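Here you go, one structure.
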Amino acid sequence: MEATAIVTILALLQFVWFAIQVGSMRVKHEVKAPAMSGPPEFERMMRVQQNTMEQLVVFLPALWLYAYYVNPLWGAGIGFVYVIGRFVYRAAYLEDPAKRSLGFTLGFTATATLLVWALVAISLDLLR
Amino acid sequence: MEATAIVTILALLQFVWFAIQVGSMRVKHEVKAPAMSGPPEFERMMRVQQNTMEQLVVFLPALWLYAYYVNPLWGAGIGFVYVIGRFVYRAAYLEDPAKRSLGFTLGFTATATLLVWALVAISLDLLR
Amino acid sequence: MEATAIVTILALLQFVWFAIQVGSMRVKHEVKAPAMSGPPEFERMMRVQQNTMEQLVVFLPALWLYAYYVNPLWGAGIGFVYVIGRFVYRAAYLEDPAKRSLGFTLGFTATATLLVWALVAISLDLLR
């Protein structure tokens, strides 16, 4: 499960890095807490971080269930695609939120694959 | 732990479905990202999803700790009540946010039961 | 892993308690759902809860990876610092959001320590 653990830590470090960038933009644009609205650059980065949290909450359990019930190495590979997808999402969203589909789809497809494949594998186990 | 895994995946698929509905309402009501405010239907669905994420973050660890330290089958049963509670919450919230208590209480009671029971079981283990 | 489980439950109960306080302030200040803006006291508590969720999502996996790959007892100790940090953060933020750094740094340093140390331990394992 070492590969699963490493992909988990990469996804967490990525999220922490996104959160740090939201903090930097708070300082840069003087958006004082607890305000959540501000210039587009700040709001975009904040939405990238929030959306990444929503994805992460599904991705991590999906990754571990897949690793345990299907295959940890394949899981790490698909998990790596999730991390790449989130970087693509961030870059596109900051440029223009309307362009966020590709990165989103990449990350989401990775998560959905892990989740549905794990469900099928567990269901087949139970039917055996 | 297969029952625990299946309830986990159901709760995750439910959350993903709620997130997809937020996305659909963004398109339907033309609420362009990164905007987070819009017509009531959009804001309600978004709050249902956000609140479900807050609950999920507590529910999943509680479910697994209960499964491991108390009983996986009972855990899956209580976990199923959580999923039902969240569907009731969604339906009521979309109709009228003031009616959200019943569904919320159902889901929250399930989570709190798992969490507190697991804490008691672990504490008794340590005292033995 | 009992110590890890207990710190997990403490961190979850803390988050639940923060969420309950947001709910109380909704009632007290008559901020009707789905509204997310209101008087400073409400918005501050809501931001404390949201930020705690963001931290929790990283903290829990970091705590368990550290417990498994490094040492569960040390992990519980560092995890306890996280919980303290979050209480300090809450108290300071409610008084004045500008004073939130100390509590934030305490909690975040705990999480970052768990995460990076786990990554180093796993990487060394793989190189052996």
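Each chain carries a letter (A, B and C) given by its place in the written order, and its residues are counted from 1.
Note that in this section a contact is a pair of C-beta atoms (placed from the backbone, for glycine too) under 8 Å apart; a residue touches a chain by one contact, two chains touch by 3 or more.
Keep in mind that this is a model prediction, so the values were computed, not measured.
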Key: Angle, in degrees to the nearest 5, of the Cα rotation that carries subunit A onto subunit C   = 120
Query = Between copies subunit B and subunit C, are the contact residues mostly the same numbers or mostly different, with half as the line?
reply = different
Inquiry  = With centres defined as the mean C-alpha position, give me the subunit B-subunit C separation in Å.
reply    = 19
Query = Which residues belonging to subunit B are in contact with no fewer than two other chains?
reply = 36, 53, 57
Request  = Using the touch rule from the top, collect the residues of subunit B that touch subunit A in their complex.
outcome  = 2, 5-6, 8-9, 12-13, 15-16, 19, 32-34, 36, 49, 53, 56-57, 60
Task = Give every residue of subunit C touching subunit A within the complex, in rising order.
result = 36, 40, 43-44, 46-47, 53-54, 57-58, 61-62, 65, 69, 93, 97-98, 100, 112, 115, 118-119, 122-123, 125-126
